[in-house]
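Multiple structures follow.
One chain, chain A, appears in both complexes that follow, with chain B as partner in the first and chain C in the second.
Moving on to the complex of A and B:
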């Protein structure tokens, strides 16, 4: 009989996880599937954070920026396709909030109802929305990445810049009321459509759309970090100067993975809009971005799957506990305390403990 | 125009109040204290409680808040920070946890609300502090209207900046702090009790946050989550000024305060904040180590 090795066990863990999320529709009703889909999307954000923080050593405190960008881009398309926009009486669909904010004698057409509304024009095509939901976060990440990594800005300052970026974006989105829907965000969205098939958020098909996306993202990320580029990235994280002297262009690798992390977050934002039927500036709240980091830290920043499971389980626990009136406030306190304890005593998170157990169970002390 | 400058100056001085403590703690210990805003909040609540139960006015609350927050700082240092030296990112995360705990402690009235006991002045609601009478009536000098409370804030932050400078550059303990800033191991080898000095530094930074809280309570509503945006502002000041540089923090808070005031005068508060964020990002990209970087780390 073949001996169980560490890497076999790892494959087993992945298979079990994937099997669980794919079989959940057998046990849950539509309401719970919709909620679970949201948690899986948070899990995807955990993957993105783990990639940039655990593997690239970049603590991004503004992950919500990419998530929000993805959400808003597809949200704009779905908003234009929604009945509330189609029934405004113009030649083109017009979002209701633009009507509310319009000047009394404005032309009722998407091109010129206000001076920036023409930017919405291409979003009448849903494919353009999908494209932008990935492209915009990647573009932002590429811009930030090229500047900060070329400049050699290190560690904490990257965190501060990304944090300032997300707060800046939030302020601008809230302020540009007639363009973004302001504080209310985009609501009353249409359902996502592929080839005429509509994804009702409260059905098994939308759940599978999310679950399979998560599986694909997990697998692609695994392949990426085990690739040559992924190994070089980890070398840069461990000792940047050494990697540079070995002839690697550290900034390009860091920028590339920063962009991948942004693309995953944008994709997650897009799925969230499909599932939750709204996009809101709260995605760009500081507390949301930090919550993502907390999930990943508790799950295990250095483990893609650990961070993913951390995000899923904490958000799930948080949502269920908050329904109990007694726990609404104390849950936050428990989370805070738990978090301090995790940082102090389990710097590698729950995944670190799981890794330890796996190592004891198996004979081969192979690579981690 | 003079009015705008004055408003910018008072915004800047509040930024400085918040940033001073952060700057000292980050500069000397390399600790990013995300709970700093919550310490400010604790200072504000100390004022509320002192006013409600002890009849203290705002002035009397200043030393009290300093002591309360410094004590709290010592506790946080002992329980959390001390275990995380040389793990910069982890201090950021752990103190964020502490921040949540402090917020919830106020919201839940230290857990007493579970037993149906309610303390007036705590809880999730909004609180306010009444200013002493001499602080409320504005008076004019020539054509210039002076609001006494704004002037008072500017004076207090100037005074604290001078006091901090004095402590850092003219006292024995300040010398030790600066030695630790340069090289903690060498400082320890020279017989400096690094742990003790760090604990005192952290407590002093927390105490300054407490004083900032008293000042904030005079013109802002006091509520449990008033601190979270402050820590961001404070950090921007520290980063722009340069880590560990007192002069840098003062200049940076002045610049950012003026920028905020002037832009707000011409457009609105949201645009002003956006411009400040954008300026900070630009400055960090232009000078990653801040305007006045403290060499020799």
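Moving on to the complex of A and C:
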């Protein structure tokens, strides 16, 4: 019989996880598939946080910024494609909130209904919306990264800066009402379309769009952290100076992986808009960004799959629990308490415990 | 001296920390394959000198050459790539990685992110790893996490990480600090093994150890060059004796 090694077991765990999420449509109805798709999207955020926090040592307290940016970028395209926007009677589609806020004699055209509306024009193409949903988060991450990491700023300062950024972004989005829809966000959106095929959020196809995306993100991330660059990244996390004096430009590694993490989050935001049919400034609430960190901490930040499963299961638990009168108010507190306990007693999260068990079960120690 | 034969050439180097002259007009030439020891009382500027060579501290005067390439005030990772390896006074290794992984990182040929997106396999020279691990007494620790190494093994791992890169010049800041007598002895064996293959500059306080390894000694005093020569010359040098009087002499 072949010996079961640690790395075999790891592959088995991945295969089981992927098999489960791909087979769920056999057991769930459309309503539940739609809900589960949202949890899987949160799982993708868990992957993003694990990559930046667990592997790069960058605790991003503003992950919601990238998620929100991705959501709004595609949201803008879907808003313009909605029947309401198309039927405002202008040359171009116009979002309803722009009509409500327009001057009485304004020209009914995206170019000039207000002085920033022209920025919406390229979003008439859905492909542009998709492109920007990835490009904008990456650009923001690159700017933050280049400034912060070049200066050698580390540790808690990165958390404070990212936290400040997400709060600032939320403020701007709520404030720029005639450009962003303000507090209400973007609602009444069209369905996502590929080659004429429409993704109704309450169908198996939308579920698979999300599930397969998650599988791809998981696999790409695994390949990245198993690469030479991934190992160097972990070395930089452990001792930035040692890495520098071995000849690695630490800042460029941190910036690169911070951008990858942002791209994943933006992608997740984009899928969320497709599934939930709205984009909202609440994506940039502090509590949401903190929740992502807690999911990953409980699941295990040092494990991509651990953080992913942590995010999926805790958000699922949170959603069902807050439907119960008793927990509506207290869920946040329970989650917070849970977080403190995890940090104190199992710093590697549930995945850490699972790793320990796997090591005992297997005969020889793999590299993983 | 011919440029061909010298690995490190320091010319009139100085640094001023907002008014405090930590190193002043310091010059030194280190030949290829030499084992040079830097001596000096606490605060003499030995660490600061190494910091300037490896790019950690920006000098305010003078120039540094590696072979015939100038490296003065270049970014640390570039200086490292050009062929200078530095071991710090406080040992630093990648704690959450295994010994093998620490060495793999050190041995990477490429330095940029994009060049390193490929897989680990194939690129690792297992023979060389084994050789370096046995040279530094770590042959049985390949899969141990660096954080679980003993007090004496941690600096060996750091040393191994430098050796595996085959840098032209290795800078060692107090390689035996905090070691037991036995570990110090083993370290001097490692150093003598390296002799001739690498150009090494070491700061060291333990005179027994210095006698064991040094080819030539350079003495610093209050940031300045004081004396240079073989160990017997230095021990009998009047200026050195005077400088050390306050701190009880060299032991």
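Criterion: the second predicted complex is superposed on the first by the 367 of 368 C-alpha atoms of A that agree within 3 Å, B and C clash if a C-alpha of one lies under 4 Å from a C-alpha of the other, contacts with A are read in each partner's own complex, and residues count from 1 in each chain.
The rule is simple: a residue touches a chain if its C-beta (ideal position, glycine included) is under 8 Å from a C-beta of that chain, and two chains touch if they have at least 3 such contacts.
The structure presented is a predicted model; accordingly, all values stated were derived computationally and were not measured.
Q: Who does A:229 touch here: chain B (first), chain C (second), both, or neither?
A: Second partner only, chain C.
Q: After the superposition on A, what does A:361 contact: first (chain B), second (chain C), both or neither?
A: After superposition on chain A, A:361 lies in contact with neither partner.
Q: Thinking of the overlay built on chain A, is A:252 touched by chain B (first), by chain C (second), by both, or by neither?
A: second
Q: In the superposed model, does chain B or chain C contact more residues of chain A?
A: B
Q: Check whether A:155 is in contact with chain B, with chain C, with both or with neither, and answer first, second, both or neither.
A: After superposing on A, A:155 lies in contact with chain B but is clear of chain C.
Q: Now for A:242: first (chain B), second (chain C), both, or neither, which partner does it touch?
A: After superposing on A, A:242 lies in contact with chain C but is clear of chain B.
Q: Taking the superposition as given, does A:343 touch the first partner, chain B, the second, chain C, both, or neither?
A: In the superposition, A:343 contacts chain B only.
Q: Regarding the shared-chain residue A:290, is it in contact with chain B (first), chain C (second), both, or neither?
A: In the superposition, A:290 contacts chain B only.
Q: Would you mind writing out the residues of chain C in touch with chain A in their complex?
A: Residue positions touching the partner: 54, 56, 75-78, 80-81, 85-86, 88, 92-98, 100-102, 104-106, 108, 110-113, 116-120, 123, 143, 158, 161, 165.
Q: Going by the contact rule set out above, which residues of chain A touch chain B in the complex?
A: 59, 147-148, 151-157, 159-161, 163-165, 167-168, 171-172, 174-175, 286-287, 290, 293-294, 297, 326, 329-330, 332-333, 335-340, 343-344, 347
Q: Quick check: in the complex, which residue numbers of chain A touch chain C?
A: 224, 226-229, 231-232, 234-235, 237-239, 241-250, 252-253, 256, 365, 367
Q: For the complex, give me every residue of chain B touching chain A.
A: Listed in rising order, the residues are 32, 80, 83-84, 87-90, 92-94, 96-101, 103-105, 107-108, 114, 124, 228-229, 232, 235-236, 239, 268, 270-271, 273-274, 277-278, 280-281, 284-285, 288.
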